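Letters are used for the chains, namely A, B, C and D, taken in the order the chains are written, and counting of residues starts over at 1 for each.
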Amino acid sequence: MPEDAADRTGLDGILEALTGRFPGAVLAGAFERNELSVRLAKESLASVLRFLKDEAGFNALEDIAVFDNLGAAGGDGRFTVVYRLCRFPGALRLRLAADVAEGASLPSAVPVYRSADWAAREAFDMFGVLFDGHPDLRRIYMPDDFEGHPLRKDFPLAGRNGGA
Amino acid sequence: MRRLTRFLRSFFLVDMLSGLLVTLRLYFSRKVTVAYPEEVDEPAERFRGILRLHKDEAGEPLCIACKACQRACGTDCFDIEGRKEEGAKFMRPVKFDWKLDRCSFCGFCVEVCPTNAIRFSREFRLTGVRKDGLLFHRDEMYLTGDDLQEHLCGGCRRAA
Amino acid sequence: MELREYDLNMGPQHPSTHGVLRLKLAVDNEVVLGVEPVLGYLHRGMEKLWESLTYHQVVPLTDRLDYLASLSNNLGYCLTVEKLAGIEVPGRARYIRVVLAELQRLASHLAWVGFMANDIGAMSVLLYAFEAREDVLDIFEEYCGARLTLHGIRIGGAVRDLDAPLVARIRAVLGKVPDRLDDVRALLDENRIWKERTVGVGRLSGADAVAHGLTGPALRASGVPWDMRKDIPYSSYDDFDFEVPLGANGDVYDRYLVRLGEIGQSIRIVRQALDGLPDGEFAAKVPRVLKIAPGEAFHTIEAPKGVLGFTVRSNGTDKPERVKMRSPSFINLQALDAMCRGYMFSDVIGILGSLDIVLGEIDK
Amino acid sequence: MTPFVADVLIPVGKIVAVILYPMIMVVVMIWLERRVVALMQLRLGPNRVGFQGLAQPVADAVKLFFKEDIRPRQADRLLFNIAPVLVMFTSLLAFAFMPLGEPVRIGAYTLTLWIAESPVGLLIVLGLSSISVFGVIFGGWAANSKYPLMGALRSVVQVLSYEIPLGLTVLTVAFAARSMDLVEIVRRQESSGVWYGFLMPVSFVVFWISAVAETNRAPFDLPEAESELVAGYHTEYSGMKFAYFYMAEYAHMVLVSSLVVNLFFGGWLAPFPSVPALDFLEVVPGFVWYLVKIMFFLYLYVWIRATFPRYRFDSLIRLVWKWLIPLALLNFLVVALVRYLR
């Protein structure tokens, strides 16, 4: 998969712009496999997304993935919520990661990206991550009266209350 | 001028009639139905039918109970125990339970078996009426053809 | 007697929801005011299951996501794992994968044409499309022994080499598919009833489509030229020359034309791949117990339904820490509500069909 | 010929024959439809039960007879039970006025192959066929569930709007034959030597399109669109009641086909009456010709169903009000003018 240098400069520019515009927010920025990965403080998420979409031209939110760091070293938040953005044409990839403590919430991306609606609902259903400002945050796969969040690391594998 | 031809074509239902001609032509064309019980469309040579154990020419089971298949299986269908007879070179499986209803025919066990003992057969008739028909013990792993059908579907009236 | 709208429940057992999908429709007489899909009826907890299987054992499970295009799911997952583990796939393996993926796209689009036509009433087209698809499934059966859940693509390459008789058979089938497609096109393309039911229905502008995160043929029918095979090429797709069919006004008719166009392009790609098939190994040497250093990789491919993405996170053991799948049908289905507003009840069937969703990959 | 035989035996015999005739045609039609659609779709269709699957309809009937006849609890009992009977009854009754063949001379007595011959036979047949719509409405509405209700509403609007072009084209035939009596119309076609289908092709085409829509058949089968309304107005029916609806639909199709044959293609006349060279065709009895023509139109029904997609509801209504009715009116005007000038 050819990686031309142009990709890098494009992403460099964005990293500088980000750190410039949101000094406190950007915790870390790194290049892995020709993708720019940026760790953010969760409060600044909505404004960063707004900036990236309107000014930096990242018109597609490809995916919202949640990782459960139960027991891992990551102290400040149990869940890492990763936003995968992409810019067409030019196909630049960006990874925004924000840590969220259990039970805490983070600003929802729905006002910026319409396709974040169900992705956020799935994140809530599977992990219990709360999104502020989400129009209709309820379970998407599990029945509404289901307790617990299946994809959490501490979700019992062999069934609960007597293996029902 | 183009509008006129388009109107005439649509007024005289040309698009409908051409559609009718297609179905008429196919009405007389070769049919593809395979009359199943009488004609059987033999599966491909590499078809993943039911898993069968094999014996070597001398009639000795090839399986050396190394449990490589049990480890490779994603849906843990195998339950194997081996024992080494006195003077025998390899272990032999004493217990070789395999659950057909858990198997997803992924073929990892076949790929990982060192002695090529377990292989796919081309048998695709796997319906049964008895739950224990789906559990195969060691000797039942060698059944093929009618014996296999008897094991799978023993209780069914039609088989009798 | 005051007139009021009522809500209509379509599914989960309904003849044309392509699987167990339930649609709550707010309907005023026959005009649709709102559509709310209800999901979860086919949720098997794939992502939880994957966390307790080894990297290799996950491959047969990815077949069951989009069960009409199992090879694309395999390809998406395997590429992500190879990117994570830094496995180099030999040239021949990459070409074989392109042949298999494009044949799978062919089969998936043929199945789609059949379902779509049947939903709008042209039931014979279903049989013609499936008859053409049978030949492609026979190739798969001869290649790796299964027809639908193939897992013919493994981590590092393919499950078997493409030998000469199989290549000859593939070329023969590629020749036959267009004739059966001519029958389908003769029945549908210019038919006034078909055009009445599809032209201008479920229209979605390019900007809206992008805003909704739509991908795949449905997006390209709105005139937005995004195709992962061209924008972020993978598995040596950039060696082949093919066009990306585009639609003009993003209605059901354009999605129909785009998918038929893509069938033609897939045939072109497979021919080029077969002609230029390099020598060498059909798969890289990958250890049976594959341990990957902690890390995370995200990779997308152009599956028949849209952009299929996998995020794989490893923790050093032989089992993945987490595998997240970005399902194209899941995101595309979100746009259904925007597409159906103001249209008639029977159009909802047409629009839903034109999105080509598969519940296996939506509910995971 | 004792009066008992003439007044009782023969009429009863004829009535039984005219009741059996659509029943047999329905059985043949069920088999024909499944076979023809199958053959058009590259498959064989039923060929196991009886010779080439001919006993399949009988097997279906027996199955339906023994199937549990479920009535939804919230259904309106009376209307729910009346609907299938109403639909079946009107379709069968209309056959009484349908001439099935030319009168047969047995010794001194001429046996007329129809039950009743009335100067307004055509009107009665049309009236009866539109009454069967009530059966559909009651069936859909009485089931008290959403999908059948939508099927019934669709059927109401569809049948009512398609009756207008139907009526107009039938009028043109009555105009040309100067009578509303079906037998007279056929005789008129014999004497004038030309069939009205060729004399007035526009009437025939409009009549045929409206007839297909009247019987809720593809491409106008919206009231029972499988892919949309699950099964339309007869979703909630099962067992014998469903069999009634099922048979009534086919009986209605046979009725409309025989109407087309009598009005436009000279009921029992041998083809090309005016061409002397083809007189040897006269030797074949009228009833056979009548059957051949009907089979062609039944085949056409199935052929169309296998080929075309289904109209959407509003396009269906737009088609009739924008195209068929103006065309029918224009055609009626032309026929009236020709009639007046000659």
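The criterion applied here is as follows: a residue touches a chain if its C-beta (ideal position, glycine included) is under 8 Å from a C-beta of that chain, and two chains touch if they have at least 3 such contacts.
This structure is a prediction, so every number in the text was calculated from the model and none was measured.
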Please name the chain that ends up farthest from chain B once chain centres are defined by their CA atoms averaged.
-> D
Using C-alpha atoms only, the most centrally placed chain is C
Where are there more C-beta contacts: A-C or B-C?
-> A-C
Gap in Å, rounded to a whole number, between the CA centres of chain B and chain A = 43
Distance between chain centroids, defined by C-alpha means - chain B, chain C (Å) | 25
Mean-CA-position distance for chain D and chain A (Å) | 64
Each of the following residues of chain B touches two or more other chains, namely 16, 19, 22-23, 26, 32
So which stretches of chain D touch two or more other chains?
-> 40-43, 306-308
Check: chain A positions touching at least 2 other chains come out as none
For this entry, which pairs of chains touch?
-> A-C, B-C, B-D, C-D
Hey, which residues of chain D end up touching chain B in the complex?
-> 36, 39-44, 303-304, 306-308
Which positions of chain C touch chain A when the two form their complex?
-> 39-40, 43, 45, 47-48, 52, 83, 210-213, 224-226, 231-234, 238, 295-298, 300, 307, 309, 311, 313, 321-322, 324, 326, 330-331, 334, 363-364
Residue ranges of chain C touching chain B (in the complex, touch as defined) = 53-54, 56-57, 59-61, 124, 128, 131, 134, 138, 141-146, 149, 151, 160, 183, 186-187, 190-192, 288
Considering the complex alone, what residue numbers of chain B touch chain D?
-> 16, 19-20, 22-24, 26-27, 29-33, 35
Touching chain D in the complex, chain C uses residues 6, 8-9, 14-16, 30, 117-124, 127-128, 131, 187-188, 191, 193-194, 196-197, 344-347, 349
